[in-house]
Structures are given as structure tokens and as C-alpha cells.
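You will see two complexes here that share subunit A, one where it goes with subunit B and one where it goes with subunit C.
== the complex of A and B ==
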């Protein structure tokens, strides 16, 4: 992140790429400004002294919740594939992911 | 220009639990019909709740302990975010800031390799690439999605491709000793991704080439070849471009075993791009010191400890000890020979027996197992047979070479080896009266050979051969030689 919570166009494009979002030219500047404003709120929070505060990832007090190593019934193949956009011979099908050159 | 390879290895091991890591689907995926072991959790459906498999977590800790790691008493899972079709949730549940175990080390051929961490995560689905109706496609099977996976990350302490191979063999042996995975590289239950770059020293300046992580290596030889190829490729690339490593130019390269080369797969995302954050659906995990000790107590005697025991107590050579300890079941079958009422109380005899039995195990049984591609069947190893055979050889009834021969036969048929030797007429006659009688006949029947012997004592071999033939091969050759020499030096006898 850049200084003062300012999101550059380059950073915006990078975030869009990671999120697999298409952002066109006009939207780019608008989104960068909006995200910058959001990030500025983080700067406000940064003014607080949090040296003695542990990071919170969970709000309940649970810990060490396990399940035993036991097999439960699975979906049938038909059920598993029922929400797929495209299938082939029992598999989910998608565009090629590897380009061997 | 001085070039030093810097090699680190990431090893992924699929644990052989019954069920998957975060759901109750069957974890067996090899040769299963595609997409028949799936549920909302491992298909990444919204609202599904993952719950960690207790046995998998304990096994990960056990493996970490065997690698000399420290166990974090407080740890948690995190989400590693990236898009790829084989990753159903668009994030992998893994460990990042607080893995189960950290900071271990193992010794490989005398050199220490540091282990950064052994942490718990889940496997992805399996992709099959093929052309369908003229279109390049990727097919996905999620049976493997969510299978428990331990990732072992080494520090970049490896400098040779052969060392990488030895390191993997060591890790594989250790995992098999623990019985937590088949660690089969060809079948994919153990996978290895080397990360390679070079330190280049030229005219007093030091350069580091960009890191390459190599994927799709499916054999031990492949690992070695891929690393060697990458060292050569990076050397050439550096000469041409002078590009050095930075935080943005790490790449992922695939290994093409047919063409024996690596190819660029994708520009690697930097770790910040994975946007790791603590998995909100899984509470943190705590191991108390008592729980860690309890897991430590379940560690079996490891190969190093066996090798030391074989050398100090049984007096075996380093070479024999290592070969015996290579496979845990093989070693256990050997050790069972000493856990019997027949065992000698005399330390010296015990050592002679240990060496004798080691020769049979390595010379006969291992050779047979290698030929037949079988694993040892410990029910076929009978301690009494080995001690009887040992006593027969000590009494010179059997030669060591016959002992080797009948051991293989006994392992195959379950028959007593000494009985087999008797049936095959391989019992040696060491009774000197009996041999002397034959020797006298041989001397009378071969006057020319006797004359030859008086001129050249080396020619006694012919007469020994005649004696052996006359005895039907049963005479003890050493005793036969002594008696013949005695007779020939004193023709009056």
C-alpha cells in the first residue's frame, strides 16, 4: 500500500487482476479514489496505540475443536456435478489452464 | 565465475487417514470414480463448515517431532487466497503464521539440512488436461480436494541435485517408519517442489539469480534431472540477461520429463498476493505439553537408532546396519531373531550370529524380495530356523554358501533349512575318519598326481577335486585338504 492510504492506479489494476475483475478506464480512477477514502479510515485507526492488544480472529472462546477420523456418506457423482456449468465424463469441465510452450 | 546452487525443497505428503481433512468424505482417491468422494465442504459450497480431522493433526505433530521440530502450543489455520480451477473455495486452508511445528533438522549423509516447518493443510482437486472437440480443456475431479496434506519446508541448505534426492529418500523413509503415509512419489502421495536459484561470484561481486519453483516432478530421478536442468538454464540466462532476483521475479516452472526440460508455467504471486488471514470458521488449536509428550511417546524407534543399536550391540558394520534398517518391517523381522528362547547368552556368539544372520537377510532374503518385488512377510521368518542353521554352520555340517542357498528356499517353502540341506545332499562330512578313508583311495588311484604334488605342492587342488567328487560333494573341503596334505607328506601312513 502507498503512503497516506492513497491507492494508485497501478495498485488498483493489480487488485483487480487478483480478484479476476474487469475494470474499464473510467471506473479505474473512480474506484481508486473510493478505495483510497476507505483506506484512510484505517489510518484513523492507526492513531490508536494497540501495542498491548492481541489480534482478534475469533470472537468466541472456542479452541481445539476436532472431528474423529470417520467416513461419512458423500454426494453421488450426479449430485456433485448438478450445479456445474459444464461437465464431461464425470468431471467438471473448464477452459485449459496450462499452456505448454 | 564461481556458481553455487541454492536449493530448497517443499515436500507435500498425503496422510493416509480414512476421511478427509475437514469433512467426512473418504480420503482414498487413487483410481476412484471421479467426483464420488465429495460433499459441500470439499466442493467449497457456501455455508459449509470445515472441522479439522484430529488424527491428521496428531500425525502432523508426530511427523514434526520426528523431524526434530518444536511444536507450537498455540496454532491456527489460515486462508491462502488464489484462483485456480482445482481449488474449489478459491482459498486453501493452510497454516502460515503459526504452523503446528517449526525449526527442525535432519542429517543427510553427514550433512545437516534445516527444516523450516512441517505444517497441516488440505490437498486440491486433480486436473486432467485434454482436447475435447478440438478445444483445449481442463477436467476436474474433486475426490482429492480436502485430503490431509503435510507440507515440509526445508531451508535452502542443499547445494547438489544428488543431495536433494538423498534428502527426499530420508524423508520418505521417516514417513514410512511413522506409518502415516505411503509416501509414494510415482502415485503422488509424496510430491516434491524444488526451489532453485544460483549464487554467482564474479570479479569480487556476488549476484543471485531469480528463484524458480519447479512443479510436476513425479520421480526421484526427475527431481535430480529437473534441478540439474534448472542450474544449467539459470547459468545461461544470467550470462545473457544479467537479471538478478527481486521480490517480483520468482516464477513457477513445470518439469516436462519427456523433453527433459522445465517450462514457464506462471509468474508467481508474491506471498502478499495470497492475502493470508486467519480462518474464521476454525477455532485456534492448542496442544498442552502433556499432549505433545503423549504424541512423542508414540514415535517408533527410527532408523538412526536402529543403525546405532546394530553397530554397538550386534557389532555389525555401518554398511550392513544401514541396509537392514532401510525398511522398518525388514528390520523388525531381523530383530525378532534375537527375541527368542534360542538366543545365545554369550556376547561373542551373539555377535557372530548377528553377522551370520545379517548376511542371510541381505544376501538371500533381500535378493529374493528384490527379484520378486515383494515386501517381507515376517511370518515366514522363523527364529529357530536361523539359530539351527547357525549351529550347523558352526559345527561345519554346512558351509556358509549352502546356508545362503537353503535360506532362500526355506523362506519360499516354510521348510526347515537344515532339512532342505539334508534332502539336497548338502550336509558336509567333517568326520576325519570317513574323509581319510576316501583320501587314501584317491591317493592310490592317482599316482601321477601324487608325483606332481611332490614337485609342486600347489597342484594339490586336483586331488582335492577328486576327493570331493568321490564324496559326492559332501566332504568339508578344508578338512579334506588338511587330511590329504598329511597323507602326502607321510606316504607311509
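== the complex of A and C ==
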């Protein structure tokens, strides 16, 4: 694991951007330290040899759960929109995600 | 009649059915207790203002007719605010109810309120709630544990008849131990996660927190079963309460050496050894086990849980419901970011994949142990309830507190915590772990232990006040 698990401020800002979170000021160093502390702790896993071990993604025997493609009762448009901060003409309203250029 | 709020679920059901008292009187006594204690305990985030009205029209043919139940605030309740103790969801009124809530309502129960928790269930203290910490009814200077701390506190303080919590790793068992009540974490997939604010999806398991083992078992029998809306829900009929055992003869119970870490509180260790002795008296053979060091489970859990959190909390965009992402608190931010880091290109193999492989080793270790024994026991938590403020600024607080419940959670195993002693007036919990789908066994061992001990009958002295002088602890009274 890189940098002995130490997370740099540059890395922190990159992670924040990927997470769509804003991190600034004093918070930046504090979070970097705390994340480094956690990353250091989890290094303990390197003590174990897992060369021939298959990963476990989930712990029960359920596999490929499908259902019939039928329409079931669902929210009305009014219900679906009832918790939104901003709506327009029966739609959710959100900031533009692509810049006009 | 008064103090009906102190009844167990079994007693309350009997009282309503035989018309010793009405559901309205029962709900009313719980509300009185809530009014009295909430300024001290802060067990609830939101109360159901219609609870008393709902108690006027009950259907006696239903198994939980008129029973007031406290539900953790990460279960969606239609038309009743659901926040997961997060400011981001402070105004969220769900348009539907969680599967578990539907089942409880179908059974006739009345949701009396939504209980406080660590914000987003991220923690083991209930101290990270955006609505202030809950306090331990045994001593309000101490934490109730978490994340289902509010639910466990309502049971110790008799603010409701029974309650619902959820566990990802310890969140049912640990607060139950710290509050001296019974917490039953079912097999992963036994109880649907539909409508529960998602945390670590490969581990999340809803379950009851109750005053007795019988009460917890009854609730599990009513909330379990197949739910097509949850793809990991097991295709099984609802769990059935097993016939009670009269002895543990023939049962082998394992006591892992590694479940007594160096830092364990000596009184906790002693209580567990006494409990093992009691189980031996009841007929069980106690076998010492060499299990994998739980420190690996902490690391695996930390990686997998943070990764699943970063994915699950990605949905909070402030568009369809809730505020925007600036409303996340420190703990949620830390977890989202560590998860994003663990899943990011270049680190995925070293962290996430490695953790998934070690998870396999943990499962194999349990399989090996269960060839030797039928059940495993140990302390639920290495300490009794820690003082308010203990979790502040500690990025790994929950993981280290939950060291003894994390291995079994990663393997999807069921577990139960039952009261087994006290130290300095604070309760101690014994956990019993069994193979997947063997809740019958853990419930039966717990039931027999409970009926041969009186720890569950002791109640905190609730006339105490948060401003009480240091050192004056409420006495355990019978």
C-alpha cells in the first residue's frame, strides 16, 4: 500500500472530489490524519496470505435473483415528488451537470 | 393500573387480550414515562403523535394488538419523519414503510416513536447523532452504546414495550449489553432490509431489542420471512419459535480465548466465566477454542463497511429527498471518503479485494469451529458502558468497541446478547453465536440462561438526574 498508508492533502482533495464532498480549512488536515490512522490500522491484513483464497462478496446462498417483468403499483407522480426540495412542472429540478459550451 | 410501561411484551399481550387493561392505558403509560425521562435520556428523535388515537381502535385477533413499539429511526415509516439521526434527512417524510414496519403494523403494533441512533448508524455510542447523544438509563453520564442506542435505552427505561434495532456489526448486541437488555441479531437475509436506510449492505440485519428473550423471539417470528423487494432476503418461511429446552445436555459450547482481549474489563471477563459455569451447570460442555484473532475482522469490516457506505450514501444528492451533501456530519464524511479511497483505481486490490478474501478466511474459521461446538459464547463488549464523550474524535471507536461482534457479523451469523452481570452499577452482556439459521439454538440457550439467572429482572433507578454528583450511581434494584 502506497506511502505506508499516509494520505496526502492532494489525495484527500481528490477523494473528496470523487465523493462529491467539500473539505476545507482545518477540516482538511484533520480528515487526512484520521483517514491515515484508519488506513494504517487496516494494513494488518497484509500479515495474512490470501494467494489461493476466493473473495466473498455476500454471505448467503442467494444467486441471480430475478423477477417477472410486470408492472406493480408504485408511487404516484405527486408522491414521488413530495419530498423534493425543488420541482418544476411535475419533474425533479436539479443543477445542470453539463456545462453549455 | 399504573406502570403498565414496565410490562414485558408477553405480559402486555396477555393483559390486553384478557382485558386487564386497554391498549390506550398501555400506550398512555409509555407516553407518560417518555415525557418524564426524555429530557434526561433523549432516546427518541420523533414521537408518533397519533399513537394514542391508534390505540383506540385495535383488532384483538392480531398478535401484537395495541402494543407500543419503539423503532430505530433508520426504518422508513410512512407519513412519520425518518432521519437516521442525520440533519440531511431532518425533513424527510417517507412515502412508504420498511418491510419490518409493515409486518409490525400488520400484526397490530403501534409505532410509538422513532429512536435515536448514531447518525446513519455510523458508530457504537449514539453520540454521533445529529440530534444529540442518548444517555444510558443505568447512569446518564454514560453512553447507551450504538448504533441502536435509543432503542436499547427505551427498553432499560421502560419507555416502550418492545423495540426494533438494526445491526451491521454490533449495533443490536452492543447497546443491548450496555443497557442490560436482550438484543437478537438474526442471520443475514433472515429479515428484509427493504426500507432501512442502507449502511453496510452485505451485513445489515434488522432485529429486535427487548426486555426478555421470549419477547425478542416473538418479534423475530413476526418480522422474518421472504421479501421479494430485498434480493438478499432468504427464500424461507418466517422463523418459528422453538420448543424450550429444559437442559443443555449434549450441547457443546465454545469459549474462544481470543474473545478475552488484554484490555477487557476484569469484571466483564469474570461475568462471562461465571456465565460459562452456569451453562455448564445446565448441562452444556464448555470447550476452549482457538479462533482467528478478531483484529483481522476489524480491518476487514472497516474496509468493507466504508466501501459499502461510500456507495450507499452516494444516493443522497438532495434532489429527490433530503438536503444536499453539505449536510453530512464528520463521521459520515470520514466513512464515505475512506470507502471511496478503498474502492478507487489503484487501491481496489490492496484494500477491498484483500478484505473480501480475508472475509472468506473468517467464514472458514467459523466453519471449522462449528465442527467442534454447537455454539460460541463470549463477552458482547469488552467494557461496560463508557462515559459520554468517549467516542469524540476517534476514527476507529466503533470498530474497537465492537471487536467481539465483528467476526460473526462478517460471516452473517446470528447472535444474541443477554444480561449476565453488573460492574459499578452498569450491565454486562453475554453473547451467544450459532451457525447461520440456528437462531433456535441461540434463543434456547439464552432462554435457559435467563430463566436461571435474575440479571434481566434488575432495573435502573430512574429517579436519577443528569446533574447528579460524580460517583453517585443509580443502584440496581430488583
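In this text, the second predicted complex is superposed on the first by the 100 of 101 C-alpha atoms of A that agree within 3 Å, B and C clash if a C-alpha of one lies under 4 Å from a C-alpha of the other, contacts with A are read in each partner's own complex, and residues count from 1 in each chain.
We take it that contacts are C-beta pairs under 8 Å (C-beta built on N, C-alpha and C of every residue); 3 or more make two chains touch, one makes a residue touch a chain.
Computed from a predicted model, the values in this text were never measured in an experiment.
Once chain A of one complex is fitted onto chain A of the other, the partner contacts of A:58 extend to both subunit B and subunit C.
With both structures placed on the common chain, the touch criterion links A:18 to subunit B and to subunit C.
With both complexes superposed, C is the one of subunit B and subunit C in contact with more subunit A residues.
Contacts of A:77 after superposition: subunit B is touched, whereas subunit C is not reached.
By the document's definition of touching, of the two partners only subunit B reaches A:68; subunit C does not. By the touch criterion stated above, A:37 is placed in contact with subunit C alone, subunit B being left untouched.
Contacts of A:45 after superposition: subunit C is touched, whereas subunit B is not reached. Within the superposed three-chain model, A:96 lies in touch with subunit B and out of touch with subunit C [touch as defined at top]. Common to the subunit B-facing and subunit C-facing surfaces of subunit A are residues 18, 20, 55, 57-58, 60, 62, 65, 67, 75, 80, 92, 94.
Residues of subunit A touching subunit C in their complex: 1-2, 7, 11-12, 15-16, 18-23, 31, 34-35, 37-39, 41-48, 50, 53-60, 62, 65, 67, 75, 79-80, 82-85, 92, 94. On the side of subunit C, the complex with subunit A involves touching residues 91-93, 95-96, 187-189, 202, 228, 231-235, 295-296, 298-300, 302-303, 306, 310, 314, 317-323, 325-326, 328, 333-334, 336-338, 340-341, 344, 346-347, 350-351, 353-361, 363, 395-396, 399, 410-412, 436. Chain contact summary for the complex, subunit A toward subunit B: residues 18, 20, 55, 57-58, 60, 62-77, 80-81, 88-98, 100-101.
Listed in rising order, the residues of subunit B touching subunit A in the complex are 17-19, 23-26, 33-39, 43, 51-57, 76, 83-85, 127-129, 132, 135-142, 254, 256, 263-265, 269, 273, 275, 277-278, 280, 282-286.
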